[in-house]
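Next come two complexes, and both contain chain A; in the first it sits with chain B, in the second with chain C.
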Partner chain A sequence: MLWQQLANGIAIGSVYALISLGLTMVYGILRILHVAHAGIYALGAYVGLFSFRLIGNFWLSLIVGMAGAAIAGYFVERLLYTPLLHLPRIAPLIVSIGLFTALEEAFRIVAGPHTLAYNARVGLGDLSIGSFHLTETQILILLVTLAILIFLWAFLTKTRTGLAMRACAQDPETTSSFGVNVSAIIAVNFLIGSAMAGAAGVLIGVYDNQVWPTMGSIPAYKALAIVVLGGLGNIPGTVLASIVVGLAETFFIGVLAIPFPRDAVAFVAMILVLMFKPYGLLGKA
Partner chain B sequence: MISGYLVTILITIVIYAMLAHSLNIITGHAGQISLGHAAFFGIGAYTSAMLYTEAGFPFWTSVPLAAVVAGIVGALLGVPCLRVRDDFLAITTMGINFVVEAIFLYIPFFGGAMGIGGINLPKWFGREMTKPEYFFLILVVFVFFLLLDRQLGRSWIGLAWASIREDEQAAGAMGVDVVRFKVLAFILGSAIAGLAGGFYAHFLTFIMPQNFGFGQSIVILSMVVFGGIGTRWGPIAGAIILGVLPEISRPIMEYRTLIYGVLLLGMMRFQPGGLLGPESILSKTFQRTIYRLVSPE
Partner chain C sequence: MLEVRGIEVSYGEFLALRGISFTVQEGELVTIIGANGAGKSTILRAVMGLVKCRKGKIFFNEEDITSSPTHHRARLGISLVPEGRKIFPDLTVAENLFMGAYIQEDRRAVQSRMEEAFSLFPVLKERQNQVGKTLSGGEQQMLAIARALMSRPRVILMDEVSLGLMPIYVEETFKVIENLHRQGVTILLVEQNARKALQAANRGYVLETGEIVLSDQAKKLALNPQVKKAYLGGT
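After this line comes the complex of A and B, so read on.
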């Protein structure tokens, strides 16, 4: 029972991590609260689903979903965020909220208000050890998240582009003076972050076997809470906070059966942590 | 006389204008981003509704008390919010909104998902107020707040807020008591929102937690930003335009929220100061016209 909840919590936490990482990377480099990131996540799910219906192969649809999300993220950055960088912080935030609202409505109008089934056969099979049970989709989530995290870590620490990206997050002007094309780095940042959100969308679509227009609503705000909890812009902190929130939700609701809305847990955790550590779990002033 | 439908829209618009105005004190004047303003609107509405239906207070005391309670909660929540800044503050206030909505929804004392019903329009001269009379009542209260706002803008408080908004550290270094003025903005903004909540509860006669969710906060913020953040008339213009829009766009009901989103996005992208902001096309044209009228050649 306990192990089972642990597995469920980690699986949910992994998806949170995939969504939140893109958000924290965007914040790290542009200092923008990218609420519409969850719209990109839902877009990834829709693109994945429609391509799955066309091709019939899950792994290909995952790739197409990630690509679709990445391209959308790129255009959001070029057309909406970059032109607003010189304005007060609230301007891009409002743009982001407006875009998110418009995206959800666009999904509803284009694909219909109903939930659509994402009934993909992955070909992994379930895993049972005694009473401990992992479903196929849980294994899928854990594997994909692990692969993406390893890729991200390798990219950020082992490649020159990754180094430039970390430098940009520290100080864009100085980095620029060393001959780094900051504008290109920001674009790469959005491409990677949005691709991860797209992957999260596809994974949740398969996990819940449904894709629906407002599937991004709750992740939009929960991911913000997680990102703040981890220390805005802090990548290891975000992964930690995602797992903590995933586990807290599963344990408080599943094991202790407290009649508290699941989706408010992240915010309660965030407010409590901020009172003692105003820059998040692993954040620095 | 004014038709029932029209007066309903008018009342809704004044309530939204009051909310936009109160958020403008916190976000526009003092520069503290709040994404959870509907929480205080809700606290006011619930306080007033509970006092009226459970404790038997009349409208004339339950609504002012709603403002007091919302102001106190605003102060209590404003103090921890002082520890965090900018983006952290935005998300903290958003979190507060989710938690407050969850409390209304999950604690049976507040009526849960069923909400609270049986709240009536106020009584005067031994009879119940009519809707047009109610409209004039809240309009008068709102005009009072606008006059107050003008007074505050000219006082030390307004100057202190402006200095905090422009540069908090510099303001602190110049001897402005940053904490005190920030909390003051939170108290004032929350209290007015609470008052609006009381008016809203007595007007709708029935309230539910969903009326005070994060979506509502975004609507209020949109009005402020759309009209022109930090200006006196901008939030009111925003409340009127965005409040009337859903009514006239009934034929295109299907695309209403889409239009709302695109409008917000387009406004910020191309006119970030808002409709009546200092840099907007409207203000510039207005200034140019005035200039032409004043200078003869």
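After this line comes the complex of A and C, so read on.
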């Protein structure tokens, strides 16, 4: 029972990590709260679903969903955020909220207001050891998240571009003085962060077997809480915070059966962290 | 090699540079001295492309770079040791050096430059896996200089490298600068420590409230009564 809840919590936490990482990376480099990131997440789910209906292969639809999200994220950065960077940060924040609402409406117009089933055969099969049971989609989430996190870690620590991206988050001006095209680094940052959100959209679409226009609205604010919990811009902190929130939700509701709204857990955690450790779980003053 | 012609830079309403012109020849060590707020850092930032010039032109090896982006100037061979050192606080010493060599794609070449940096600054070798913010001020300054050298720049711009350092590190820093100069590195040095700067330099410019008021051989400037009175502490 305990192991079961642990696995469930980690699976949910993994999806939170995929969404929140893009948000924290964007904040780290541009100091913008990218609320529309959750719209990109939903977009990834829709693109994945429609491509699945066309091609009938889940893994291909996952890749198409990630690519669709990445391209959308890229254009959001180029067309909306970069032209506004010279203004106070409230301007891109307002644009981001507006874009998020517009995306939800666009999904409604294009795909209809009802939930659509993402009934994909992944081809992994369930796993049962005694009373411990992992569904196929949970295994899928764990595998995909692990693969993406390993890729992200290797990219950030082992490649020149990854190193430049970390340097940029610390000091973009000095980074540019070493020959780094900061604008290109920001674009790569959005491509990667948005692809991860797109993957999360597809995974949740399959996990819940549904895709709907406002599926991003709860992740939109929950991811903000997680990013604050992890320490804004802190990548390992964000992964940790995501898992903590996933586990806390599962334990409070699943094990202790406390009648407490599930989606409030992240915010209670955020409030506690802001009171006692304002730089986040792994943050230093 | 570097030629600056009548540049003007303003921050909002405030005119920080009012028509500055100067040159740096290949192999020279040129210094710009002046009081705090005279605009010394702004000159270097303008050369690096970190602030825009309202007027005037900047040439590097005859190429007009006035409107080139910063990363392009870095690729042409201009390197900056910024004011306040600006090392990357959460990158390790080795990673800071790798960033300095960003434009060099050949990993083996980067590795051999890293070895040279370590032989120039042995303390950095000991600390290579520590993150930048854990270094002392003097060590950070060494790292900032080593990092700027990693790209094998054709000209290196140094902004107040002795500021805030303990006297022993000031000595050491100037020794390093003079060594680099002897090896043929072209240096433009901006300093509040006018005495040290004029001792090390070939030529100097004196900057007052955004204008160059004097320029001469460094030795002659050091003997100039005006300079002595204003920047060298009297007689």
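The rule we apply is simple: the second predicted complex is superposed on the first by the 283 of 285 C-alpha atoms of A that agree within 3 Å, B and C clash if a C-alpha of one lies under 4 Å from a C-alpha of the other, contacts with A are read in each partner's own complex, and residues count from 1 in each chain.
One rule holds for everything that comes next: contacts are C-beta pairs under 8 Å (C-beta built on N, C-alpha and C of every residue); 3 or more make two chains touch, one makes a residue touch a chain.
For clarity, every value in this text was computed on a predicted model and none was experimentally measured.
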Chain B versus chain C as contact partner of A:Leu163, first or second or both or neither: second
Have a look at where A:Phe190 lands relative to chain B and chain C in the superposition and call it first, second, both or neither. neither
Under the stated touch criterion, which partner chain does A:Trp212 make contact with: chain B (first), chain C (second), both, or neither? neither
Applying the document's definition of touch, where does A:Tyr41 land relative to chain B and chain C: first, second, both, or neither? neither
Report for A:Arg89: first if it touches chain B alone, second if chain C alone, otherwise both or neither. first
Report for A:Phe58: first if it touches chain B alone, second if chain C alone, otherwise both or neither. neither
Looking at A:Val182 after the superposition, I want to know if it touches chain B, chain C, both of them or none. Which is it: first, second, both, neither? second
Which partner, chain B or chain C, touches more chain A residues: B
Determine where on chain A the residues touched by chain B overlap those touched by chain C, and list them. none
Which chain A residues qualify as touching chain C in the complex? 160, 163-164, 166-167, 170-171, 173-182
How about chain C: which of its residues touch chain A in the complex? 48, 50, 69-71, 74-75, 79-80, 82, 86, 88-91, 95, 98-100, 102-103, 105, 147, 151
So in the complex, the part of chain A that touches chain B is made up of which residues? 27, 31, 33, 80, 83-84, 87, 89-95, 97-106, 109, 221, 224-225, 228, 232, 259-261, 263-264, 267-268, 270-271, 274-275, 278-279
Please give the residue numbers of chain B that touch chain A in the complex, ascending. 27, 33, 80, 83-84, 86-88, 90-92, 94-96, 98-99, 102, 105-106, 214, 218, 221-222, 225, 229, 254-255, 257-258, 260-269, 272
